[in-house]
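Across the two complexes that follow, subunit A remains constant while its partner is subunit B and subsequently subunit C.
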Partner chain A sequence: MITSNRMQESEVWTANRPRRKVDFTRVLSFILLILITLTMLMPLVFMVTTSFKAQRETMQYPPTLFPDSLQFSNYVDIFSRLQFGTMYQNSLMIAGITVLATLLSSSLVAYGFARFRGTGRNLMFMLLLSTMMLPYPAIMIPQFVLFSKLGWVDTFLPLIVPAFFGSAYNIFLLRQFFANLPEELFDAGRMDGCTEIGMYWKIALPLSGAAMATVAIFSFIYSWNDLLTPVLYLNSSDMFTLPVGMASLTSSKFRVAPWHLLMVASVLALLPIVILFILAQKRFVEGIVLTGIK
Partner chain B sequence: MVNRKGKWSTRMLAVVSALFAIAVMLSGCGGGNSSVGADGEAVTITYYTIDSPDRTFVEQLIPDFEKQHPNIKVKVATAPYEQFDSKLQTMIAGGNAPDITSHFGYGGFAEYYNKDMLLDMTDLLKQEGFDADKYKIPKNLMDIYQVDGHTYGIPFSSYVTLLLYNKDLFDAAGVPYPPSDYNDKSWTFDKMVADAKKLTVLSDDPNKQQYGLQFGWGELDNRPFYFGAKMYSDDTWKNGGMPSETYFDSPEAIAAYKKIFGLVFDDKVSPPSEWSASVAGQGGDPFVTGKVAMSVGGSWILSGANDFGFNVGVAAVPAGGNDKVRSTLFVDPLFILKDSKHPKEALTWIQYLLQTDIQKESIELSGGTPPVNQEAAEDYYAHFNTIDPKDLKNVYEGAYEYGYESFNHLIANYSQINDMMINEMQPVQNGSARVEDVMPGVQKKMEEILARTKK
Partner chain C sequence: MYAFISPWIIGFTVFALFPILASLYYSFTDYDIIHSPRWVGLDNYREMFADDLYWNSVMVTLKYTFISVPLQLLLAMGFALLLNQKLPFKGFFRTAMYFPSMVSGVAMSLLWYWVFNPQIGLFNYVLSWFGVKGPAWLMDPDTALYSLIIMSFWGVGGAMIIFLAGLQGVPTSLLEAARLDGAGRLSIFWHVTLPMISPVLLFQLILGVIESFQVFTQAFVMTHGGPNYSTWFYVYGLYTSAFKEYRAGYSSAMAWILLIVVLIVTYIIMKLSNRYVYYEGGKSR
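After this line comes the complex of A and B, so read on.
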């Protein structure tokens, strides 16, 4: 019913307006865009359909796009074949704390860089940015020595604690955003007797929904996908994170890789990122509305 | 912007120090994995392996071991295959080295040996009265991980190169199965190629396309050895994997590579690399898709044999011109690392893993790892549904008689050599260059790598 109403409305709408000529370039570009979208979606579709295949079918040639019969048991098997539940939990916990810690530490530092002038501020900021140039392998061993001396090997600490110390890229991103907030807002806060930390908490943060959402997504994806750090620091299999467990599925040359299970794992691993993105998307819109700028 | 530096920095200081305090508090939960053991106190040893069910099965053996040896605790540390070597290096550099491991990753024995990572076990073995016969380890396998009479590793599992064939395709084409007996003089490389021709179906329809043979004997630099060509000088095998000379542009080597690539381009019995990739995916094995009749390769392909959608048989690698060597061996040893604080306890664990009953149990737990213990090996031969145990036994015993350890375990800096070979041979592999034009370049690159290794 609702759809038919809508259709009528749109008919009315078109009828009342002077009939426009069909814009062929628009139609063409839509067709082209749809085609490109479908091409981009193909691997994703293939991933999902493969996750329902039996192992034997994953070896078939030519490969089938849709499985002969849906094997839902794959989604149960993954929990018994791997400690998938434990790994999922570990990954969620580490990524969750990392996101909160990054948001807090990076925004605080960024606020400082954006709103205060002091001697050596630019030098400090340059130093901060220069840490972005260091690739992880360059600091891998010294950091390992540090954390192993602290007795942190085979704990989650080496994966979580660094997030409490900010990350250069996110600080840079937030600093640019904070610097663009209208000065008048802070003047108003100051007149009402708000402290600096109060203005950070009550003015800067609430207005930075979009930027904070971006940082949250970046740090979540980074932590969620990180393979090398957990591989280095975690030894016991009940401490493993998802990427480690998934890498292990293909890590034996002595048996045929269980691609169907790997695809199940990939589908399930994708979910939190999709959910986070949907949640964050709301904040993007809110952020733009609230600041009243641009 | 108003400058309120003074006020701010005190607050900032407070926040930062709070963060530090949290970090310090958190650090309290970690720590305390020291394993210093005086007499009577339990000692913890770490066994480092790949995170894959066919390797981590040892975890299931630990409770029984710890019951027998109450003063030793075994901890298993794992990493995925790709990251195995970098994690090991980091652990050693960080003073957190495991006690026992093997060359489970890309690097081989020679690499570990030359990086001085391994414990010379000779004295320890003497002191503990280690006897290889007690564990039914063939002498020639024990010799592989010795340098100048010093033992650096003890074999615990052994893969060989064998010929795997698809019985269904043989039946359909009416070709008799190849023999498993290495003494069958009629079974030669040329006979294998002739059979492969009968089993090859060339067609424009990818569904009907079928190939007779894929020849994955050893790695690329290893392969001419099968035809009797010498690639590395003899001192390589005695001095810990440092060849003084290589012969990649010798007429014998060129002739051998021509035969190997001729399988694809002249005889047309072997699949071109792009076909293999499209059928089996990157790094996959086209044989398991059932579109290839014979496959010469490492016996690890067997581990999946009970899941293949067709019947499998095993046969001897045919005679190819090298009278002494017909099968590349992949014998995995256990090493004790130099940094181990408890080598004696580590050896106890190794000895436990080699016992006949444990080696037998390991076959089941790992899903088909070939044991080095020859008494336990009988169980392995009977492990596969469609394979006659007699054939597999023949193939293994023949392989030991005509076997040579894979070069990737024996030559220093092998990962560089292998990468270089793959890159340089690429044009030959896809048919855009001739072997004789490429090999002088390979030889030159090889000399450069060796010169760097010696430094």
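After this line comes the complex of A and C, so read on.
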């Protein structure tokens, strides 16, 4: 009796608000999503397939989706024609050191902001927040003067050293994280005779895996993609980072743009980011949500 | 505390505070980075405001910002709303739409340099399916800037993910209540969802504006500021006059104007938002 009542109710429900309408919106959304996804992925697909084409084929119209013959040699050529290996190494090294330095310095500073109440803390925190808005181009000239007086032009130092002093975004992100750690943990640590630096190292850091991973990924991508800073400081081609070297591919010294090599370079430049993304996809999305930044 | 934050205090002083003040000083000097600066008063500013190329760079940057940022936010929001439903393969769609936003920098510029190539590029090929003969994109002063705007849409995945998180943070109880009160989809979005995620929207707006004031890579890699200065972005101009023409004093004046404009814009958006943005638990932020 009860069941049939319920069934009647649900029939009335469907009669009043036809389910089909709801389905229609969802089907439409689904189709729209497929179209959007295809559009967004198409350039990437072509990037990968073009990277395997012979140069002659890259000049054809219409562009072919699949190469006539797979030219794996493109991936060898780029290393011989562009000092690609050196550039790759430089970029990896700079990004690696930047990540480590950022993790260390930003977490230290963030811990300081999260755990203590010294005079001027709020003022300093406001200053920190405001430097997040500070456009790099607005300060790059005096920085350049400073670093060139130190004799650091054409070295990696200008790209690495600032990371040892913390970056505003990451400090902010980690501070929010540390501030939410339960106070009891630190009380317990203090009773066990732990120093502040000990609590930072043994309590705060081990609990911050997700936040630290986020910071690591963001600082890696930032350093890996940065063009303006290395363009300013690196002059000799064996010091070039990947973006600097790749930017030269569109310069006029090539009569015809070497499209296949352009795409090989792009694919290889993306590789570390893809690997990071696959390894940490879940964290990645969490992290983005955590920070609200790209 | 001071021991812990000392790296930042040093870093802030050396890498932010000092450069800001130094560039203010340089902006009143004639300076080529090699010889010592020579005081010239307001000459740089006078020259700058009389320079057509300067105003061109301002217009290019503003046009890019005003067109691309609102559209990017709109697209990101639209995509997020689409994904915020029960649909099959949702995870795949989310990843696929987010991924391009990580292809930033030079790799993206090189890829789109090809996409926009008028002879062999993807864009005009796809247009030809619909019988449209596409323009020369980056090679035509009339379309070059729009090409870069179109390209910027490719990276909306980052903002989309953040909006999606925002949407998922809207309490279902609120949505249910609105539905029971007989509110339609649109009205729920307008009166419940949108106010709830307005802080996220605001933050993305500020970031988007500041970011597009600083466009450099695309101009440097794809167009070299051309054709006919149609993509001569502010920061590209700043870079060129400082490091190609060695007019660091003049560039410092440009840098200071940029700094002030960023401050003003951030301030205005914040002020406006006081009226429109809803923060949970009152105006505590």
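To be clear about the criterion, the second predicted complex is superposed on the first by the 234 of 294 C-alpha atoms of A that agree within 3 Å, B and C clash if a C-alpha of one lies under 4 Å from a C-alpha of the other, contacts with A are read in each partner's own complex, and residues count from 1 in each chain.
Just so we're on the same page, a contact is a pair of C-beta atoms (placed from the backbone, for glycine too) under 8 Å apart; a residue touches a chain by one contact, two chains touch by 3 or more.
Every value quoted in this text rests on a predicted model; they were computed, and no experiment measured them.
Bringing the complexes onto one copy of subunit A puts subunit B in a clash with subunit C.
Shared-chain residue A:L262: touches subunit C; no touch with subunit B.
Legend: residue contacts after superposition of the two complexes on their common chain; A:N235 is shown touching subunit B, with no touch to subunit C.
Contacts of A:L227 after superposition on the shared chain: both subunit B and subunit C are touched.
In the superposition on chain A, A:F172 makes contact with neither subunit B nor subunit C. Which of subunit B and subunit C touches more residues of subunit A is settled by the count: it is C.
Within the superposed three-chain model, A:A247 lies in touch with subunit B and with subunit C [touch as defined at top].
Once the two complexes are laid over each other on the shared chain, residue contacts for A:S105 go to subunit B and to subunit C alike. When the two structures are aligned on the shared chain, A:V145 is found in touch with subunit B and with subunit C. Looking at the shared chain after the overlay, A:R26 reaches subunit C, while subunit B stays out of its contact range. Of the two partner chains placed by superposition, A:F218 touches none, neither subunit B nor subunit C. Clashing C-alpha atoms with subunit C after superposition occur in a single stretch of subunit B, namely 275-283 (options considered: 23-31, 167-175 or 275-283).
Within subunit A, the residues touched by subunit B in the first complex and by subunit C in the second are 59-62, 105, 108, 112, 115-118, 140-141, 144-145, 148, 164-165, 196, 227-228, 231-232, 247, 250.
Those residues of subunit B that touch subunit A in the shared complex are 1-5, 7-8, 11-12, 15, 19, 22-23, 26-27, 29-33, 46, 50-56, 75-83, 86-87, 90-91, 93-96, 206-207, 279-280, 285, 288-291, 300, 303-304, 307, 309, 367, 369. Across the complex, subunit C meets subunit A through its residues 1-5, 7-12, 14-16, 18-20, 22-23, 26, 33, 79, 82-83, 85-88, 92-93, 95-115, 117, 119-122, 125-126, 128, 154-155, 157-159, 161-162, 165, 200, 203-204, 206-207, 210, 213-214, 216-217, 220-222, 235, 238-239, 242-243, 248, 251-252, 255-256, 258-259, 262-263, 266. Residue ranges of subunit A in contact with subunit C, taken from their complex: 26, 29-30, 32-33, 36-37, 40-44, 46-47, 50, 58-63, 105, 108-109, 111-113, 115-118, 121, 124, 127-128, 131, 133-146, 148, 162, 164-166, 171, 196, 200, 221, 224-228, 231-232, 242-243, 246-247, 249-250, 257, 259, 262-263, 265-266, 269-270, 273, 277, 281, 285, 288-289, 292-294.
Only residues 55-56, 59-62, 105, 108, 112, 115-118, 140-141, 144-145, 148, 150-155, 157, 160-161, 164-165, 183, 190, 196-197, 227-228, 231-232, 235-237, 240, 244-245, 247-248, 250-256 of subunit A touch subunit B when the two sit together in their complex.
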